[in-house]
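Just below sit the structures, each encoded as structure tokens.
Here subunit A shows up in two complexes: once beside subunit B, once beside subunit C.
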Partner chain A sequence: MPLSPLPSATCRNEGCTLTGALSVTTAIRDAISIVHGPPGCAHHTFSLFHGAQSSPWDEPPIIVSSGMGEREVIFGGEDALAAAIHLAVQRSPCAVMVLSTCVAAAIGDDIAAVCADLEQEVPIVHVPCGGFLGGTFNDGVVVALTTLTRLDKSDYPHPGITLVGEKNLEYEAESNYHEICRLLHLLGHHVNLRFVRGATMDDLMRIGSSSLNILREPALTPVGERLCKVHGTPYLPSFPVGLEGTLQFLRDIGECTGRAAEGPVDQEMKGQRLMSETFHDITGRRVGPPREGGEVAEALTVELAETFDLAIHETAPPFPMDGSLPVGTAGISRLLHRWRRMVRA
Partner chain B sequence: MHECTNPVWPCAMVGAAACLCGIHDLEVVVHGSSGCFFYPASLLHAPLHGTFLLPGEAVFGGADRLMEVVSPLVSQGKRVAVLTTCVPALTGEDVASALCGLGTHLVEAPGFLGDYEEGYNRAVSSLPIQVDEGVGGVNIDGISRMDPFGQGNLMEAARTLALMGVSQGSLLVSGKWDALSRAAPLTLQTNPDLASGIGETVGSLLGFEGVRQSAARIGEFHPMADISAVNQEVDHAEERLIAAADKYLRRHDPPVTAVFGEASISCHAAGVVHRYLDSEVVTVMVRNTPQDQCSSRLPFRMVRSTDLLMIKEEIDTHGPDLILGSSFEHAAAPDIAFVGITPPLRSRFRLAAHPLVGTEGMLFLMEEVLNKMMDRRAHS
Partner chain C sequence: MRQVALYGKGGIGKSTTAANLSAALSFQGKSVLQIGCDPKRDSTRMLMHGDLIPTVMDLFREQGERGIRIEDVVFTGYSGVRCVEAGGPEPGIGCAGRGIIATFQILERLGALSGDVVVYDVLGDVVCGGFAMPMREGYAEEIYLVTSGELMSLYAANNIAKAITRLSGRGKRPCHLAGVICNGRGMPGEEDLVREFASAIGSSLICAIPRDRVVQIAELHKRTVIEYSPESAQAEVYRELAKRVMANDLFTIPSPLAIDALESLALSHLQE
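Take a look at the complex of A and B:
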């Protein structure tokens, strides 16, 4: 599709906070998300979720629009929001998440006050994203996660490892999760909390008792920092990328949790060697430089080129890192399968 | 407007974009954030431009940014339309003044104005469409880039006119910009919900009766038009359709049907299964307010909703064994036989341009209904 976002500029094409925040709040089990804005904003995102079939469970998420129209734009939309909250509460959710659009932000609706004034039996959580006026898709993810960290109840003593900010719209989200579980299992650990993917409100309330947080990607560092500052929880900045990156991930987990990592690292190296042998036929081929993914993608391309004795050449097909970087050794294997299919086709 | 859960229909901005993108030699610039740009860009499969406003530009004015995007296009000799979104409309940005002297076309259709049809119709109204009494032929109306059957409907309307030996006038809205200023005095409708109001309407191609009546009306203005060719084709097609429906009914009970979509097409589709399959139509739930009186002509319960939970409740309440609608309804009730008549239609490949209107559209719709019912029975 010949899209032409002229001229290109960083941040300009990184979407809207609303979609990012909704990708988090709609992953809370049995919660309802309210989009305070015109119905079109809720439709855009719901349609995206529907098309991506990305929900962590079978049923599509419930997104209520406050239905702002011309009247609300002129006279204020707070009554419409209150009505939408009442509608949502009638469905007996575990919580109602209230997200603002650029329209609500531009007309200055006091959403926090509306949420605070309503006495309801379920938590009404204001996620102050403000549509694109609040930043980009990733800013929306960060603000939603940060808001949810405030729900912590310190009387939940369930220490363990927490995954923070899994990409719920990512096609590979579940397979990435299973790869992390496999790596943690090598060290005798398991995932205690997925913050936020299919978690209940009760689950979210024990975020503060986590013993180690693993962020999905470095862009979530503000969330990791906040949890570190408030609860003293150490964090790793990213899921593992690359062969050596995966081994280092194991070492880092071992260091943070006091477990010996040498054995698991040896075991993983052995697995990586076996995996590499299945790709012996790509040796000597040419691979292109990555088109996206930045420095990490470049470093990964160099690492794989060295591992498999590939020549990096401008006109050759790059490793397919469209949208996200491969996670762990399994991610590398799938990446190589897709690339080998590309160069064969 | 009022609160709505999981809304299934786009906003006015998307409708306006769907209209403007139909003009082949028009570069459409969405003046707003990237969030507003991506949805129509992915839905319409059309080359769009965006200003991709940043928060500071929304607060302090996005005129400079707009010029940064529009000026290179204008300097390349391109014809440009600028479509404003919610925030520039709210901040009172004087977009018209910013574009003054550039010869660009401005359409203000912020999403909060209403739904898809509102934006589409607003964009059509803004176009410099002129009826030229000296132009022969018949305009084809109601074409939208969002409609998965839009191209098929256009081709079917053109084929029908050709069968009569009548030339086609302007395509509303499809084709080139200059053709808009030479519209014919008569207009043939393919989707009454998107009626442009340009020229005198000769009717629509919804259903066999619609085709017959429209052909007769065209014949009143074009005495040389071969009406009999259309009537013969319609008669023959109707016989085939009745024979197929009868064959189905010899073995099976008629389906209990629920219909979801734009008002005119939904009424049309409900009428087809009711008339030719003796189907009980338990609900017609429409996305928009009907533009014509289709609801008063049909013995169906018709309600308006774009709320997916209400749609699902309607399906659960009535328990149809056939759904005509979009992939939203299909996803809500995946075990019920489904025929797509409304966008979006996801999870299946669509390459050919199938019509839903005209003679071929009738045959296609019935073919889909019968085959889906047969498939469903075979698997149940």
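Take a look at the complex of A and C:
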């Protein structure tokens, strides 16, 4: 049940399902993730996470590799995976997430059967990704989130708003979260569950009781659809993008939750005017068309150009949206700060 | 050193043909190494009088590559034929093709690929790059297709010809199709059909091995025909095969048939 038109742009249509899935499962505070494959696959991802400047982790997450080598490729890696699961369980996590690489997927290891056959005291959760086999980074995120939705325990009575699929590797993940919190607060709401960023296994089990899910971006629509189908939870397809998009986000939240949005929208418009005044010095400059981000980035560029009386010109520096689109009014403010530094330099 | 590989449909008689070919070559005074490239590890069983020798992959699994010695994997069988079995995983798990690649790398490092003739006996279909390994990297330069006149056997042979065509242009010592061996099932007109098939794909029939009960009897006694019944007509056929293989210098890049053409060929030789 999407509540607004779906922009199609996403920056996550490349890469590897393993990295995408790991970016979700390693953000569960009390679970351990196992990478079934060669040690290099775990090392590569661990290095990426370790180097990430914004993360939900107090310290780098524990990633256990099943350590597949030539022997496991030839004779099958299922025994090595079982050994890795035993090793992980000894660390007393609340759950073990089992993810696969393309090497294990290519030789056909039956990972689901290994996970199902092992009798352990904690849940052994098979996240069915397979490196490049099975899609891209975003497919890995979707499959991990979808897998975790199945952990729901319907007896948890904690209705509220859930953020689904925050980008755990993006630099501004926490800033974006605080912006969403600020906007929700205008309507008297707060975030009940971050699915999944720093959550515990117990937290995740109340995903089904959410009264509204807010997806990080439209690429996560399959997750929103599943939660809608299984639990009847409505969802918004994206964090807000653009000045008007932010106001519409408030209206959508109000409509979904039965709260009046006129007052919060007026308040936010005032805030946007105040923010705009701090950028009066950019009026009349030239801005380039966006290099990435598709139609949404183009529409945002046009909106900001009209707001600040900028001329869009092919050779001018574009707004720096290479990583991801800015979230809310605060995201636009940071975007304009960065762009102003660029054009002044 | 001549390196020949026998490919063909599973159960068509490659291992029997290879073992008898190796035995016959040894009686020509050749130093022969036979390498079984099938996880079933039964290529050299007749040469080893029924013994299933330890495979390269057995040793690799137990102790890793380090520590494997040439005498651990090369065993001398009937008439001095040296025997190696690649081995591989249990059915339904792991990657047997990767096992073949690893076996070749190990044998190469051990310097085990030596002698006048190396005979590779390879799993039925070239199901992945691993089973094409004997055709690659300059190992077997001469590929023989073993087939009967049955359509599915010809279909498999034609499929292998596709792999040869694909791989023949690669490397410093590319592989070629050296000929077709008809391992007869007793079908009427079988030899003519296989000869025409060989011609159609740009090769020739090297030898037609008739169906003979002595082959099964020799196998039950865990012997090659060359050893069990050296005076038999069948043993003479294998000796002739060995002579023709050593004399053969007509190596080609095959032109595999389209499936329709293959079926039409088989149908045209149907004798009810």
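Definition applied: the second predicted complex is superposed on the first by the 329 of 345 C-alpha atoms of A that agree within 3 Å, B and C clash if a C-alpha of one lies under 4 Å from a C-alpha of the other, contacts with A are read in each partner's own complex, and residues count from 1 in each chain.
The rule we apply is simple: a contact is a pair of C-beta atoms (placed from the backbone, for glycine too) under 8 Å apart; a residue touches a chain by one contact, two chains touch by 3 or more.
Please read all numbers here as calculations on a predicted model, not as lab measurements.
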(request) Report for A:Met269: first if it touches subunit B alone, second if subunit C alone, otherwise both or neither. (result) neither
(message) Tell me which touches more residues of subunit A here: subunit C or subunit B.
(response) B
(request) Go through the superposed model and pick first if A:Met68 touches only subunit B, second if only subunit C, both, or neither. (result) first
(message) Tell me the contact category for A:Ser47 with respect to subunit B and subunit C: first, second, both or neither.
(response) first
(message) Touch test for A:Cys94: subunit B only (first), subunit C only (second), both, or neither?
(response) neither
(message) One more residue to check, A:Gly76. First (subunit B), second (subunit C), both or neither?
(response) second
(request) With the two complexes superposed on chain A, say which partner A:Ile107 touches: subunit B (first), subunit C (second), both, or neither. (result) both
(request) Please write out, lowest number first, the residues of subunit A touched by both subunit B and subunit C across the two complexes. (result) 70-73, 106-107
(message) List the residues on subunit B that touch subunit A in their complex, please.
(response) 1-14, 32-39, 41-43, 45, 47-50, 52-55, 58-59, 68-69, 72-73, 86-87, 90-91, 111-115, 306, 308-309, 327-328, 331, 344, 346
(request) Enumerate the contact residues on subunit A facing subunit B in the complex. (result) 1-7, 9, 11-16, 18-19, 37-44, 46-48, 50-51, 60, 62-73, 80, 83-84, 87, 102-103, 106-107, 131-135, 137
(request) Note which residues of subunit C are touching subunit A in the complex, please. (result) 57, 60-61, 64-65, 88-90, 93-96, 98-99, 102
(request) Over in the complex, which subunit A residues touch subunit C? Could you list them? (result) 70-78, 106-109
